[in-house]
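Have a look at these structures, which come just after this line.
One chain, chain A, appears in both complexes that follow, with chain B as partner in the first and chain C in the second.
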Partner chain A sequence: MTVHDIKHAASDSARLEAVGGRLSRVDGPAKITGAAHYAVEQQLEGLTHAVLVGATIAAGKVTAIDTRAAETAPGVLAVLTPDTIMELRGASDWFGKAPAQPTFSPLVREVTFSGQHVAAVVAETFEQAVAAAALVKVWYDETPAIVDLSDGKAGDGIPIEAMTKEWGDAEAAFAEAPVRICAAYNTPREFQAAMEPHGLIARWEGDELTIWEPSQWLDGMARTYAEWFSIPFENVRLVSPYIGGGFGSKALALAHSAVAAAAAKMLDRPVKLVLNRPQNFTSYGGRAATRQTVAIGADRDGKIQSIVHRGVNETAVDGMWVEPLGSVTSIMYATPNFSSKQNVVRVNTVVPGAKRAPGENPSAFGIECAIDELAYELNIDPMEMRLINYAEQDPHAKKAWSTRQLREAFAAGAEAFGWARRSPQPRSMRDGHQLVGWGVAAGTYPVRRAHGEAVVKLLSDGSVVVESSSIDMGQGTYTILAQTAAETLGVPVENVTVKLGDSHFARAGVTGGSRLAGVMTGAVHKAAGQALDELIGLALSDPRSPFQKLQSNTLVVRDGRIASPRGEGPELLIAELMSAVGRDHIEAKGDTLPASTTPEERYKNYTTIAMSIPHTEGDYSRHSWCAHFVEVRVDEDFGTVRVSRVVSALDSGRLYNPKLAESQWKGGIIMGIGQALLEEGIVDRRHGRIVNGNFADYMLPTNADIPDIQTISVGIPDPHSSALGGKGVGELAIVGIAPAIANAVFHAKGKRVRDLPITLEKLI
Partner chain B sequence: MTSQTIIDPPEDGHFRNGIAANGSTPSPTTLSLHLTINGETHALDIEPRVTLLDALRERLHLTGTKKGCDQGQCGACTVHVDGERVLACLTLAAQVEGRSITTIEGLADEDGTLHAVQAAFLEQDAFQCGYCTPGQIMSAVACIREGHAGSDEEIREYMAGNLCRCGAYPNIVAAVRQAAQELRS
Partner chain C sequence: MRDFSYFRADNIEAARNAAALPGAMLLAGGTTLVDLAKCGVAEPATVIDISHIEGLNAIDASADRALIGALAKMSHVADNAEVKSFFPAVSEALWQAASAQLRNMATIGGNLMQRTRCPYFRDPANFPACNKRVAGSGCSAIGGVTRGHAVLGVSEACIATYPGDLAVALVAFDAEVDLGERKLKVEDFFLAPGATAEQEHDIRPGEVITAIEIPGSAAARRSTYIKVRDRQSYEFAAASAAVGLELEGDGRTIRDIRVALGGVATKPWRARAVEDALKGKALDEATIREASELAMEGAVDHGANRYKIALAPRVIARAILKLGETA
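The block that comes next holds the complex of A and B.
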């Protein structure tokens, strides 16, 4: 639970504070002074420290574990193995589907990936636990592992029928098309690599469990803990006041979470377990490696006649992850004939998971490179090629777009970038030894919607408290909810305190898929509206209220003062009215669910994703859109690639706070630069081990890798997407960056790299 | 001092997390240290293997200094020792006795007035999740003091040791540029 008092310069205008204003982050002062306490930074009496021991094989059995040396090491309280850790009940998945196995052991005897947890040591201090963990000896019976998609044993995999999208006769139309291109596009295993490692503190008090853990989904994770330990949902409290980055990785309670909670129960002492950096590469899934082939048939004017798309992503031996590779392919361009199918291939890895724009990101890499190849084939400007094939409606759902400012994005981006000055031929622009290339690509992300609830309290001193179990991992939830409540109630934003990150507050679904801002501004708007109605109702009807004699139908609240709309009669501060009518607070819980919703449905709505609302529900297809323009410089001799300029025009609908939205867009673009040029999980072929599981070898973009980035908002309020008109912000901007860079590299060097990352050996 | 047991290599020449590979555990030696942090002296009884980072976070509850990698690769644990930027995860607490340590908690004035770099980070929105931020700010203060904030190009280079996964880099450059100008004037 975190409280933010909003402080900002007196010169800030009311405009700044309203929804759509550029208010600085309200949680900023805590973060820049070190006062913000992240989940595992809670100080607890009697805290113990747990350290995990990971498997050194990728497939096989644990035959023996020698714990004697560890058990006698100084400070050690327990060494847990598959034989000694308490048995847990299996938990349902995030759709709410019942578990395949009735029981669950977070420490395993049967190893299916390198690094899987086989033992854990709990000690009085962190140093003692680390030292003792190194003394645990494990023996294995190793069996051959399937190390990755290119492993000869991997096979073609399992068809995922739900991913098939087809209309027309795509194969025949492709065969007959006068112009055809067909190529394969690969993306490697990638990692979210949030700066804050995964970890938690678990504490039991009787059969009540408190978990301090960075979380993108308090209620969903609380459900998992409740099911593991067979205790009521209400007995689990999850606290996650700040999250040091998630990018999709922090939405689920994982095996290491179960180890810590079980150890705390067994020892009856609070346990802190934080994954070390290498364990952050093996204890939860990053983005699955993908392979796609994209075939496009077109007429000589560039009009697409057919798209045939086939995709594969890796998944785990004992878990399923589908990275929807046809998601952008099927909607970006108009085509009379289309076919997309997808398989998944099991390899010995931890189950892959969500990383920023799962599905859309690799999907866009395929189609946005392929259309660029078609443009060069026909000698048509790559942006013009995209406009020739502009989809006037959703080609798959056959529905109107709710809003699609993609034409506007191309126009604004091209203008700011100076695209018209582009020299069309590859290798035709240079600056000394540097070959200069310009590339363009589009991106999109669906508007994922759900129902939410929030509590808004008006206190006797006129201050306002907003409560929600939703979270802020840097997107700006604290800030935009303060702006929403302030605007709806008519109070200064510094009077609003937002409390997030505690599962005992009003419930919230998962923070992912760029849905939170739309859901929560809607819920807070509704709850604040109800509180305002009650306040005005009291003012008009309570005999002690000075407004009662006014015979007015309504009142207005501005700057925390209540008055009649025409200004006659008294004017009171909210605090003065509350005092006059003898109320110490007004509380309203607002939610966006239909009134007929049952308690069971509410529980399901917040603790699973089964009740998410499809983005093509009703008459419209809802998506955010963007167009990226990128300049690269490729060293002619060495093949090194530097991104020297990025201009992106984005349609996220209405922006609740442009200052914060621009930061998220830039963050997505920068993660996309990493994806294009640097990031790749390298698997050792003998042992199926990630060999670059650290920040020196799995390279993230650094400050020195990033040029000036210009973002332009071209969105308009979209009433079909959310209560206040916003679409999605966080996932959108990474989609399309990697293909824009790959296309720019082709323009610079004349060599097409279809295999990410674009490293120098692929260019020389 | 009996720290020899830790420093001498084991017979096979390989350390495993500070433990000899033959499984023997060196007898933990407790050091009594006095660390000067943000102008205050703190007494600590700790093992010699405790890093400055863990001393700050786990013993002194100064959690503003963050642990991102514990391997000297991310910069989240950057603090100042005698005014110079240092990675607290690669520094033993015992190494900095008698030196002056400054952490993010000690950067603002006692009356709460923010350091120019902190204020610029807030104004330029130079962070999102906030986890790398204390390290970025400590690095930026030193970067300016070193005279390495003369141009955007130079700021990017001399701030490259502090990773930010949210991708606040352009805003960090803007914040360092702004603070450097304010501190010069």
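The block that comes next holds the complex of A and C.
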């Protein structure tokens, strides 16, 4: 574990240590200097290396595997196949639902997608394993695959009743509306494309398993390993000090994880397995491809009368993923009539998964393009159109918003962008060969809440240690928890060390859905408060304390010094007091769960998502909001699109650290630019295989594609959303960027592109 | 990646001798070779490291000619002041290629020898059929994902695009490649697939590229390279054009023009029909656009790459017009 030197990280603004201060990332220097060791960089004695063999068909059966050449290759310790890998127990899913099958084999005989793991080679060195894996020969009995949503064999799919949202009579109201638009919007298969690949090191000591693996959810993944190998949860230790990007992909223990842990058990040697880049496109799911139709009926003055929405997303043949496509559609605008329904279609792919703002992101692409189309249809300014239909309460839950600073976001964004100077006609702005277009779109993300616990230790030298099994994948957990502890305890932030990423620390649930900051600042605040109470209690009551005779009923701690509130009497450093009263440390564990919570409920809370608190619980509907303003340049001859300006105004409630929040927002906006213009998993439709599964061909934006991005915080503390008033930050900003860009492209070129990504051939 | 032996050549003779051995491959910057070894396309028995040979990285450029050593780095050539003044298209082709990190590693010799980005070529485990890899094995691309594939110079055996940028500029200005015993026009050094897709270059076992030579010309002095792609940087061309222009004294009539295309053909593609149509003509947008269309004569698309037929002439026209404006 690298201890972060916060002094280096502190920037120049005042009160950095306070919650809300612009403290730089405390883990930054360690990452920049290479001192930060990522999970699979762990050096272990006797480490062996596993390499996977993937199916070269998308559907069918493995009929035979010839491992002889691989087995006799230099350095090879084992060649594992579905026949020879140890049998594992099925593990329950992330809701805690029991497995469909009692047993689980991470190497398969029945192939349901190209690249699925069919064998693995373990060797003394990585190079030997790679060479031997190429010698494994696999025979198949291939059957026709359903390659994607447009495959003739795919059909209409399975209706997902739980996704149906209806009020009024949407179809009838649409039919009667004086103005109607209806269009189809598609998003392709996209990938999380984290820089750090998936991978792990597994080591057994008796029936105790240690896993070093990048993880967005230590407790959840530890549970899965425990269930696979039928060992107690406590026997699994998952270590994940740093994560080189997850974006939703690193929350679950996956088939390759099981292969490595099983191989380690079978060989009784530690095993390292890291997916190569193409395998990172086939071993876990990215964002499912989606199709939506959005029909809006409105009055001539732009007031929406009805929205009819139908969505489809792809899922796997043997796994279910629902990308909730009606999530933004149903709350963004006020409408008396509404209908949203969704199907999923099984295709031969790895099960799709969570990618930044699953559901909200494609949902916003549909509704935010559709409302723009309606605005042009009626010749109403697209921002005005959105304000005309502003939802004063949650139209679906029929509850008051906890806070909704979306009107403020439109106002602040429009002002900074200069929206008032917009020329309404498409194709009316130009700069040489570049057609210039302006677009606007809104975004939202629900406030997902859960519970967490933290340990805060005050040591005899006055320093503070915070421990939690939550993680930092770059979003700033190390930093904001240090700020929270420092502010609560009244100590300088450089006296606080935050330790994360070890499942033996105090527990935390999944880092996903932008919930971690709200949950963990609450837990640390509580634990630190308890530690402070204990410290002050000691100071007031211990006969050896110089404060004892003061007869004060409380004390304050500021800058690591204890004194009475009005300053009379002594002033002591925490370390001096601890030594005076003979304590070597004070430790407090705080959690945000009700006191009545049973141990089983606690376990469930941390290892499943079954106990997440609905964002519409109680009297309020809780969401973050944003408005994006985008300028694009479309080359009139080449069809190339470049984003030249982005101004986004965002309501994430109170910001625990504005510097880190801005950086997360900008990250989301950049990812959204990639989604709008570049990203697409391209499938060979004869083989059902992704052919651009590498970073040269799967296009992500480069620095040259990203203009200056201005973000403006319009949030106010939201007491209904979290203990300290923050709402979600991490996922919000990607929601709405793609439609803002598509809308700007329409304004520039006069052509509506409803299929992402907006590549040049669509505009030639 | 399989085991190989490693040999470090200290001089060009040693490199040539070693390169004649079966299964030998040269290593310069390694940015193509290591990549292809990782995806199982290159399986050298011996890797001959030429990167330490002295004297092969010189850049000697003037108005008359540019002589560029095979080991010169892409970034050094791109930044060379004389190359920039007398051969701007060469510098522009280089700095728009790959990424800064790659350009700092990659050499000019290796650049000429880079292989196609056809995804089927690069994935032997999943797509055994590829005539370029294994003669006579078939072509996995035809009927598959062809958005990046060529429309010019294709055959039934192979439709893979030549991906590089530099060679497009070299072909436009009649550059030669020095192989020691032989000197070839760069245009002839690259081979269209025909029935022998596996033969990409006219290079024989034991031959090593030592230099390229670009004759100076007025057209080379007034030249540019335009590269069009979805991503602003670090992507191969959807279509690109290297164009050089020389005008008569009237400042309007085209005396000499050079046009070559990248990203759309199986080899760096000289568009002589466009040149012939424009020589002697006035620099006029309609004429230029019309003549640029001639570059696509004989173009064959495979569906997803049809846009290249529309795009490439527009890139040529933009480049010519841009040079015209800078008169």
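By our rule, the second predicted complex is superposed on the first by the 755 of 764 C-alpha atoms of A that agree within 3 Å, B and C clash if a C-alpha of one lies under 4 Å from a C-alpha of the other, contacts with A are read in each partner's own complex, and residues count from 1 in each chain.
In the analysis below, a contact is a pair of C-beta atoms (placed from the backbone, for glycine too) under 8 Å apart; a residue touches a chain by one contact, two chains touch by 3 or more.
These numbers come from a predicted model, not from an experiment.
> When the two structures are overlaid on chain A, which partner does A:A58 contact: first (chain B), second (chain C), both, or neither?
neither
> Is A:V108 touching anything from chain B or chain C once the two structures are fitted on A? First, second, both or neither.
A:V108: touches no partner chain.
> Have a look at where A:S24 lands relative to chain B and chain C in the superposition and call it first, second, both or neither.
first
> Based on the superposed arrangement, let me know which partner A:A704 touches: chain B (first), chain C (second), both, or neither?
A:A704 sits against chain B and chain C alike.
> State whether A:V118 touches chain B only (first), chain C only (second), both chains, or neither.
neither
> Chain A residues in contact: does chain B have more, or chain C?
Higher number of touched chain A residues: B.
> Identify the partner contact of A:A696: answer first if only chain B is touched, second if only chain C is, both if each is, neither if none is.
In the superposition, A:A696 contacts both chain B and chain C.
> Touch test for A:L760: chain B only (first), chain C only (second), both, or neither?
A:L760 sits against chain C, while chain B stays out of touch.
> Between chain B (first) and chain C (second), which, if any, makes contact with A:V496: first, second, both or neither?
A:V496: touches no partner chain.
> Of the partners chain B and chain C, which touch A:E127 in the superposed model: first, second, both, neither?
both
> Can you list the residues of chain A that touch chain B in one structure and chain C in the other?
In chain A, residues 127, 130-131, 134, 276, 696, 701-705 are touched by chain B and also by chain C.
> Give the list of chain A residues in touch with chain C in this complex.
54, 56, 114, 127, 130-131, 134, 276, 278, 433, 635, 637-640, 642, 677-678, 682-687, 689, 691-692, 696-697, 699, 701-705, 757, 759-761, 764
> Which part of chain A faces chain B closely enough to touch in the complex?
For chain A paired with chain B, touching residues are 24-25, 27-38, 41, 43, 69, 73-74, 125-128, 130-131, 133-135, 192-197, 242-245, 247, 274, 276-277, 473-476, 659-660, 662-664, 666-671, 694-696, 700-706, 708-709.
> So in the complex, the part of chain C that touches chain A is made up of which residues?
1-3, 38, 40, 99, 117, 119-120, 123, 125-127, 143-145, 147, 228-235, 238, 307, 310-311, 314-315, 317-318
> Which chain B residues qualify as touching chain A in the complex?
For this pair, the touching residues of chain B are 16-19, 23, 25, 28, 47, 49-50, 54, 57-58, 61-71, 73-74, 76, 103-105, 107-108, 114, 118, 121-123, 125, 127-134, 137, 155-157, 159-173.
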